[in-house]
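The structure under discussion appears below in the form of structure tokens.
As written, the chain order gives the labels A, B, C, D, E and F, with residue 1 at the start of each chain.
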Amino acid sequence: MGEILSLAGANLLSPMVLCFVLGAVAALIRSDLEIPEAVAKGLAIYLMLAIGMKGGLALAKTGGGNVAASLAMAIVLSFSLPVLAYAVLRAVRALGPVDAAAVSAHYGSVSIVTFVTAVEFLAARGTPYDGILVAMMAAMETPAIVTGLFLASRSLGASAVKRPQRRAKLLREVLANGSIVVLVGGFVIGWAVGPSGMKKVEPFMVDIYNGMLCLFLLDMGLVAMRQLRSSHDLTVRLIVFALVMPLLNAAIGFAAARLLGFGLGGTALLATLCASASYIAVPAAMRLALPQARPGIYVTLSLGVTFPFNVAIGIPLYFAIAERLAG
Amino acid sequence: MEIHRRKKIEIVVESGMVPDVVEWLVAHGVKGYTTVPKVSGFGRQGRRQTEEISRVFENTLVIAIAPEETARLILIESVERLRDYAAIVYLSDVEVARPDHF
Amino acid sequence: MEIHRRKKIEIVVESGMVPDVVEWLVAHGVKGYTTVPKVSGFGRQGRRQTEEISRVFENTLVIAIAPEETARLILIESVERLRDYAAIVYLSDVEVARPDHF
Amino acid sequence: MEIHRRKKIEIVVESGMVPDVVEWLVAHGVKGYTTVPKVSGFGRQGRRQTEEISRVFENTLVIAIAPEETARLILIESVERLRDYAAIVYLSDVEVARPDHF
Amino acid sequence: MGEILSLAGANLLSPMVLCFVLGAVAALIRSDLEIPEAVAKGLAIYLMLAIGMKGGLALAKTGGGNVAASLAMAIVLSFSLPVLAYAVLRAVRALGPVDAAAVSAHYGSVSIVTFVTAVEFLAARGTPYDGILVAMMAAMETPAIVTGLFLASRSLGASAVKRPQRRAKLLREVLANGSIVVLVGGFVIGWAVGPSGMKKVEPFMVDIYNGMLCLFLLDMGLVAMRQLRSSHDLTVRLIVFALVMPLLNAAIGFAAARLLGFGLGGTALLATLCASASYIAVPAAMRLALPQARPGIYVTLSLGVTFPFNVAIGIPLYFAIAERLAG
Amino acid sequence: MGEILSLAGANLLSPMVLCFVLGAVAALIRSDLEIPEAVAKGLAIYLMLAIGMKGGLALAKTGGGNVAASLAMAIVLSFSLPVLAYAVLRAVRALGPVDAAAVSAHYGSVSIVTFVTAVEFLAARGTPYDGILVAMMAAMETPAIVTGLFLASRSLGASAVKRPQRRAKLLREVLANGSIVVLVGGFVIGWAVGPSGMKKVEPFMVDIYNGMLCLFLLDMGLVAMRQLRSSHDLTVRLIVFALVMPLLNAAIGFAAARLLGFGLGGTALLATLCASASYIAVPAAMRLALPQARPGIYVTLSLGVTFPFNVAIGIPLYFAIAERLAG
């Protein structure tokens, strides 16, 4: 416990996490601080490209390991995690079936920024991780959407999940969505060019990375807190769900990491992936395919509650647990 | 030169729906349209505003000039079609000089 | 389906005044509004254009659909309320299908 | 307070032409105008959309409130003047409170 | 004199100042060069965060000194400098009371970019400065607004300074405005994480800082010169005011620095702060609270005349004088 | 041949070129990936400023050489290259006179990004180049527009090339266009501040340059492929033209480089400049002055066909030929 607290404290004292806190404070005191949308999107693309390249390079250096098994596990996790979230939400009567299905898809998918922050946490401690984790993140982004829509259609009737030809289109769109393309593309590039090629872009992709993350987390702090403030649909039950669900999913992540034989870094990251909730790709998909579900609920839970929790407390916690499990 | 009457259809709708809306307008024979992106607003669904990390809370204004019958049909269909989405639709009268264009 | 007449209120105003303007519209019972940010223009106050370091020279277009009486009242009040600011206000007729929304 | 009728001129035109269009409006005595930049669209010239490396495929919406005769003259002249460019022009009725401004 | 000229020459030969000149030239020849607004705002936030962090780090390293006295002095200066500017403007009959009050508020407040350029000037000469100067800048941003509104209300009657509940709102807004929040937030972060924490973000916050400043000053040159060109309200009297007022305010800054016992760096920077005029926060506040005042005057004087003067000539001048005073 | 293939292979394995490929693939699979316009414009300005400064610094280091002759040659090339392109297009009946004139102007002008990628290619091989090449690029940007309009007016009648006073305005606008101003300005700054001044901005202008280029080429890949996909006016004849014309123009570039006595680096770069086609400045000018010409043709040929060809194959090819010529 003492160790966890000291890890959390050290985490909170990193400039990146403090920038997140600064953003949240700015939103709390209703500052007009605004990171232009174009800059935030540019930063997001940079972070995804850089993290992809780093992962690909790591894979090129350390070699494959159980690549296929890892990816298969990622897909299975993303397909199945929403079922647990849905069951919990329905069991505690926190939401109706359609809203519950939409929320559950978010918790089966992943948050890239949470992952990126966790990688930074590891780097600050000199803990290595397997490059394949980046590919696993890409693989976990979309299957959860399918499960979420399936859960909703059980109660709505399949027809109400908007027009079937729309659904086909939706799936194609989700698979080719920008984040996945940049992540996977960066991963392949990092792997293909190897250490000598990456050397050429190291000052940009590696050296200034933490600083870019500072700016981006400043924006995320703003956005997360504003979302939380503007929300009218939250109940105590929902907030508790958004704080406990990451822990449940992290537990499943630990089990999966053990099955795959991951080391400390990989274990902490896989737990983080399971614990994190999407707030970009999944909301967009849900909004179009399941308009009856309220975005004020699913965006607020994943972006306004679970994301800050993971950044501030979750990541050091999962790391500490991974240390015990590995030790 | 003669002046011709047409209807202007204006639709404020959540940005994710724009491809759908535009397809629907074109299916009705509309010959062109204009979209104004990143529009904010307030309505039954509460505050909707751009500068968001996702486009879930962003609106777009779609404008199309079309013959009166087309416009009325679109207005009527919109009630059903856009029911579950953040959206409003309204028509107004306009005058144009090149009737073949609209 | 019946079609209903409403007024469209359009206000081009310096961006810093938008929170004020919107509060004023809502105080008149307007049920919704749409804002188009970063609009440029020219008027009595000279050229006003976005891409500035401060928002002092930036305009926003505010659109609200409302019942006729509300719209007229807003138009009349605007003369006094916006006198010192860069602003114009104008009304036009629109047709809507869902009268309860506006 | 009396209410006065004016015409609203709306022009959707390729962005590179905006300085020309505005000069032309002002030459007709228009007292002000508003421009909405980075507008996308579809028309006879196909899909035109912003976020391009050049502004060749970007549109702008130009709005001007003016007296009826001015507006009609502009509409008529537009046919010749904008023929080779991506552009549409249409007029509508508006009501204003301060007639000296428009 | 010779030394001042050589300092000014060296200053003009830095890439940063030359980028400012390039922007001004581009505007002069009516080039269509345009730094997108979003990029300019992103750069501004970066600069404020970085300068804040550097200041906080400097404070952490060198320890407090007379923090409270320095902040109190900053607030007093900002409250009182507008009175002098107002008196000058009225004495030479350059402006009516409302416009004069609005302009005076700008000269009591500060320009962050001028400060940032001055810090760079010191760094190029290896002159250290006290971190507290950054906090003083934040403290000087808003009090001048209150004085400006008070001066205006004397002639307009308090009621004409727009609705009182608006004024309360205005004050709250100004205190939580984005620049102050990022500056103070960065300051606290730099102070809290100390040298080891700042190490993580050094390549971004320190190494590429000058280059980012180049891009930003390119934009500022464009904007300042375009503002100057488009202005129709300027008179010779006003231009002379905008060139002389910085010198008067700098003189007060020197006196204040002596009172506080500042060294060379701190003295030059405090004079620069006093000499600089706001062109972001104060114009926005004046426009809303004092719409009768003409923005074409106050923005043009502070952004189009005083700002270029300070960047090109003022900063090396204040430094040379500070050297004499310290020597 | 083997050498050329291995150079092309090595070129394709640089992270920069792979990012271009990634962008193209994203567009091909209809991903919604989008680099915000503001970010792309910001990156473009950065690249032009940095390449300008590097060129100016190189000139300051190596001294003048035949500066005047080089600039004169650049202007002559840009004026005359469109005549060849026009003759080819008309000879093979690929286009009518107006469209052919518009296209020819693009091939007489230059693509800055192609040049920037070629400079990077040289840097990776440690091949130096003369700084004057950057100034030659700036000089080549606009003369071709005049030739193109002249060719069009021959068939349209001078009056149809839109109103004469517009043409004067156009020329002024083109000469003061943003890219030229930043390029030439950066060049002068780099030359004026010399190595010690450039040292201050090296981490930004040099170290992270390749990484910034990665992001920008990612966007260019997207934009080029989307343009290619959306085009309806392309014929096989036109595509062949856009692949062969660079080779013809490169041949002229080799001859010009020999006349000027350039070394390996300069020769490869001048050939690249001749071979490249404009897709920013020239399309904008043609659209206004020659609205009868179809942008769907000229933008697609230069941006969608010639640009990718040069980035992937042309640059290593011109380098290999330059090696033979120099060897």
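Definition applied: a contact is a pair of C-beta atoms (placed from the backbone, for glycine too) under 8 Å apart; a residue touches a chain by one contact, two chains touch by 3 or more.
All values reported here derive from a predicted model rather than from experimental measurement.
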### Task
Provide the labels of all chains in contact with chain D and in contact with chain F.
none
#### Entry: Copies chain F and chain A - interface residue numbers shared by over half, same or different
different
## Note on the structure
Taking each chain's centre as the mean of its CA atoms, the one lying farthest from the centre of chain D is chain A
### Query
With chain centres set to the mean of the C-alpha atoms, which chain is at the far end from chain E?
B
### Message
Per the definition at the top, count C-beta pairs in contact and tell me whether C-D or C-E has more.
### Response
C-D
### Query
When the C-alpha atoms of chain A and chain D are each averaged to a single point, how far apart are the two points in Å?
46
### Task
Could you please state the distance in Å, as a whole number, between where the Cα atoms of chain B are centred and where those of chain C are centred?
19
### Separation of mean Cα positions, chain B and chain A [Å, integer]
35
### Summary
Check: chain E positions touching at least 2 other chains come out as 34, 36-39, 42, 203, 207-208
### Task
Among the residues of chain C, pick out those that touch two or more other chains and give their numbers.
36, 38, 50, 92-93
### Task
Would you mind giving me the full set of chain pairs in touch?
A-B, A-E, A-F, B-C, B-D, C-D, C-E, D-F, E-F
### Message
Looking at the complex, which residues from chain D come into contact with chain B?
### Response
10, 12, 36, 38-44, 50, 59, 61, 72, 75-76, 78-79, 88-93
### Touching residues (chain side chain B, partner chain D) in the complex
1, 3, 6, 8, 22, 26, 31-37, 65, 92-98, 101-102
### Query
Which bits of chain F are touching chain A when the two form their complex?
13-16, 18-19, 22, 25-26, 29-39, 42, 124, 203, 207-208, 210-212, 214-215, 218
### Query
Across the complex, what residues on chain B touch chain A?
14, 16-17, 20, 38, 46-47, 50-57, 84-85
### Message
With touch defined as at the start, can you tell me which chain E residues reach chain A in the complex?
### Response
36-39, 41-42, 45-46, 49, 53, 172-173, 176-178, 181-182, 185-186, 189, 192-193, 197-198, 200-201, 203-205, 207-208
